[in-house]
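For reference, the structures are reproduced in the following blocks.
Next, two complexes with chain A in common: one pairs it with chain B, the other with chain C.
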Partner chain A sequence: MKKSSLLFLAGVIIVLALGFLMPWLLRNPFYFFAGYVVLQYVTIATGWNILGGYAGYINFGAAGFFGAGVYLSAFLFTTFGLPLPLCILASGVFGAILGVLMGYLTLRIQGVYFAIATLGLVVVLETIVHNISGLGGASGMAVYGPRPPAWSPGPSQFNFTVMLVIAVASVALARWVEISWIGRGLRAVRASEDAAECSGVPTLRLKLVACALSGAVLAAAGAPYPFYTSFVEPVTAFSLVIGLNAIAMPLIGGTRTWVGPVIGALLLASVQQIATVTISSELNILFVGAVLIAFVAFAPGGISDLFGRNKGRARS
Partner chain B sequence: MLSIDILLNAIVTGILLGSVYASLALGLGITFGILHIPNIAHPTLVVAGAFFVYTLAQWGFDPIIAAVIGLVPFYLLGVALYAFYSTVFERKGGANVLQSLTLFFGLSLVIEILLSLGFGSELKSVSVSYIGSSLKLGVLTVPYRLLIPALLAPVTIAAVWLYLSRTNSGTAIRAVAHEERALSIAGLNPASVKRHAFGIATATAVIAGAALIMVGPIEPFAGRYQIGRVFAIVVLAGMGSIPGSLVIAIIIGIAEALVSSYLNPSWSPGVAFAILLLGLALRPQGLFGAAR
Partner chain C sequence: MTEPVLSLKGVEKLFGSFRALGPVDLAVGAGERLGIIGPNGSGKTTLINCITGVYQPDKGSVHFEGRDISHLQAHKRARMGIARSFQIPRPFTGMTVLENLLVPLDYCAVEGSKDERARSVLASVGLSARISDPSEKLTQLELRKLELARALVGNPKVLIADEAMAGLSEEEIDEVLAILFALNRSGVAVIMIEHIMHAVMRFSERVVCFETGRLIASGSSSEIAENPLVQKVYFGE
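Presenting the complex of A and B:
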């Protein structure tokens, strides 16, 4: 293993150890309640970036994948009593299938059509959920989550730790994609799809792989959500805020490397957690929208490009 | 014979709805279809137009007259939007499609929030003497609140299409997307032609907004549910084919009306998107567009 990979592994172990220890050190469960949301966004931003950042295909439908994960896990848990890890896994697999399906229908044309199609995905999934009475329809359904195990002091802390494991796994997956042949191929797609195709890069297959991985992570991010809120309903599960943040966070942090979305999510989600408590949630969206416009317009490389080591790298 | 009544009514309602959808998609047909700028903020601009009409209607203006008054400010708004867009992207050597998509996405959110801060998030509607009643033709019942906006659309579309195809400045707009260099050789400034086109596209949003708010009450986030429809119309019509968009819009309208009268109205938001996905998978160049 290379030095950077060893460092990454050490970082992962430290973060995970902290995640399991913190609940015993910090007494106030609110920190974990708020921290869950931040970690959820780290996962969402990372998942989005696999397709949106590396390959340059914008997905406006992150909320669709997220909501699909939320509902599948809620359904499997309440109907079959599936254990939590299996619910998360099933959501991930479902997200991957959804991603491949979306990609297969739209990716053979241009990126614009893919982006537009993802916009509609949220509407369609929301419509379907609205019409299935087994999922609670428009009025939603209550989900009584699993009892927290002995190694965690309470439900908030337990959800936090679960989300942390998912987030770390997603970041590791994104990093693996980035340094493997997949990442190289996707960067080639982003730089010039025609040139990549002509030099023998299997562009369609690579894009489908990226779609599947991205969809899997986005759906897995939603899997523990029903246990976090104890209640799912279509409007919050398919909330536009998720779709917005999924794009805003990587763009603000930087889309080139796995670090960017993590920075963007940690920053933006923390600010939002503070803002929703202290100001209103509408102003919160206004703020994110304005920041998004500012970054797209004036700093398309994101924070990690402004300060980071990637300054010399060519822009596509 | 009740089912034939329902069928006929559904088809007529669908044609009228489709006509309204076509007016929503008209501006996008110019910005995305002709100029290739993916302006996903267009449905939100239509909603902003509807709120403009609502405000004037509160002061006693007729919605259609209010829309005509709104043409000038919305034209200027569009010019300003394009000026911002081009200074940000096109001077840096060509706009990246995905960045511009993100920009318009952020823009539409900001407009939505500003509307909801300004007007509140409740449903708003206009009331005019001719809106309440219905026209009865045998078994058909056509409410005026649908008929009048539906008649507004073909008129606007015809006006825009005549302008684009018969006048010099209209020809310049269609030319600028094809060959910018040739246009500047011919002595025209491509940037100002595009600004003008974007202005016209945004001006149509206020007419579409008037149509939308006459059909039914509206809230600041209503644009979101139109995005699938308007893009489905523009893309399936074949980029830039404005008469084609009317045909596609009516097909979508009929499909939605049939779904909501035979299945359930709550299924209809997904119809346009399903049609779009099928269309993209089967015939990516659009039904009325030439293969690229």
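Presenting the complex of A and C:
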């Protein structure tokens, strides 16, 4: 195993160990309530970046996948009493299928047309859920989540730990994609699709793989949400704020590596949580907009690119 | 001409009602050096797009090593051994020079170590010193060399060099020609599309000339230079 992979593995073990220990060290459940949202956005940003960052296909439909994961998980749990891990797994598989379907319909178009088509996915899915009475329709549905196991002090802490495991698994998946032949092929697609195709890269198949993986992660991010809020409704599950954050966080952190979305999500989601509590829940969106404009204008490569450039300068 | 490695039979390409190419019949022998000339808009790039699979011909067929590849996707043709460089270099930005060559190696079956193969091809085109540099930092000549290296790394049987010398100085043209001659000596058929006449004439065993999508003349360099149809295309009546 390479040194970088060993370091990554060590990091994963430390993060998971801390995640399982922290509920016993910090008594205030609010930290875990807020931490859940931060980790949820780490997962969303990481999932979005597999297609939007590596392949350069800007997907405005992240909320569609997230909402699909939310509703499928809620439905499977309330109707069939499926255990939480199976709900998450089923949401991930459904997200992957949805990703492939979206890919088949949209990947032959590029740029702004692709972005608009993906935005349409959110509207279509939200409208469908609005009209299914079994899912609560427009008024939503209550979901009473599973009892936290004995190793977790409470529901907030349990939800936090579940989301942590999903986030870590998503980041590990994104890293594997990035360093594998898939990631190199996707980056070639991002640079020049024709040149990639003429170099032997099966561009359409690779983009479909990216759509499936991205969709799976985004939907898995939504799977524990019904148990976190105990209530789901279309307006929040398919909220455009999720779509906005899914794009803003990788762009601010940097889209070329798995680290960028993690940095962007940790930074932006943490600040959003603090702003929600101390200032206003609406102002935090204003903050995202302002930071996004600043980064697009002054540091289009994101935070990880700024650090990479400075490291390069120091070396030379 | 040796046994054709690549042949086009009645190939036509239309964009709406506009006929951009054809019908064209053309055969390229194994290890041949073929020059393609013609004014802007004569269909040269459309022709190579039909050969490489970027476009599917509307009529006719493209055969490679005896197999009909007319409906194969571009990446499958590349894996079979049809490589190309682009008129305007298209490096895989965000990757180093070495990584640019690892992309085709990831997807085309090449024996041995990918890393060693990439390094040896980069050495053969004179890019060893730039191996770890981002491709965005290369000069125009280096970008042209990178395009050729990326095309060569998968061991192609046919290389199509689309204006690989555009914008280069005389010394730089000589460097690129030396790379193409060396490649051809190893048995690869090279199709050169070029506006720099002295380079095409020096390089090619056979030259074909296109005008308004049709092949109007074919022959040796000297025959083409004296062909009245070719002279008319370039100099008028």
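Definition applied: the second predicted complex is superposed on the first by the 307 of 316 C-alpha atoms of A that agree within 3 Å, B and C clash if a C-alpha of one lies under 4 Å from a C-alpha of the other, contacts with A are read in each partner's own complex, and residues count from 1 in each chain.
Assume a residue touches a chain if its C-beta (ideal position, glycine included) is under 8 Å from a C-beta of that chain, and two chains touch if they have at least 3 such contacts.
In this text, all values refer to a predicted model and were calculated from it rather than measured experimentally.
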item	value
Which superposed partner A:Ile97 touches (first chain B, second chain C, both, neither)	neither
Touched partner set for A:Ala290, first chain B, second chain C, both or neither	first
First (chain B), second (chain C), both or neither touched by A:Phe60	first
Touched partner set for A:Pro300, first chain B, second chain C, both or neither	first
Partner chain in contact with A:Leu240 - chain B first, chain C second, else both or neither	first
Touching partner for A:Glu282 - first (chain B), second (chain C), both, neither	first
Which of chain B and chain C A:Ala196 touches, first, second, both or neither	second
Most chain A residues touched (candidates chain B, chain C)	B
Touching partner for A:Leu251 - first (chain B), second (chain C), both, neither	first
Contact set on chain C toward chain A in their complex	52-54, 73-75, 78-79, 83-84, 86, 90-95, 99, 102-104, 106-108, 150, 154
Footprint of chain A on chain B - complex, ascending	38, 40, 88, 96-99, 101-103, 105-107, 109-110, 113-114, 116-117, 224-225, 227-228, 231-232, 235, 264, 266-267, 269-270, 272-274, 276-277, 280-281, 284
In the complex, chain A residues that touch chain C	181, 184-185, 187-188, 190-192, 194-204, 256
Chain B contact footprint on chain A (complex, rising order)	52, 56-58, 60, 105-106, 108-113, 115-117, 119-121, 123-124, 126-128, 130-131, 138, 240, 244, 247-248, 251, 282-283, 285-286, 288-290, 292-293, 296-298, 300
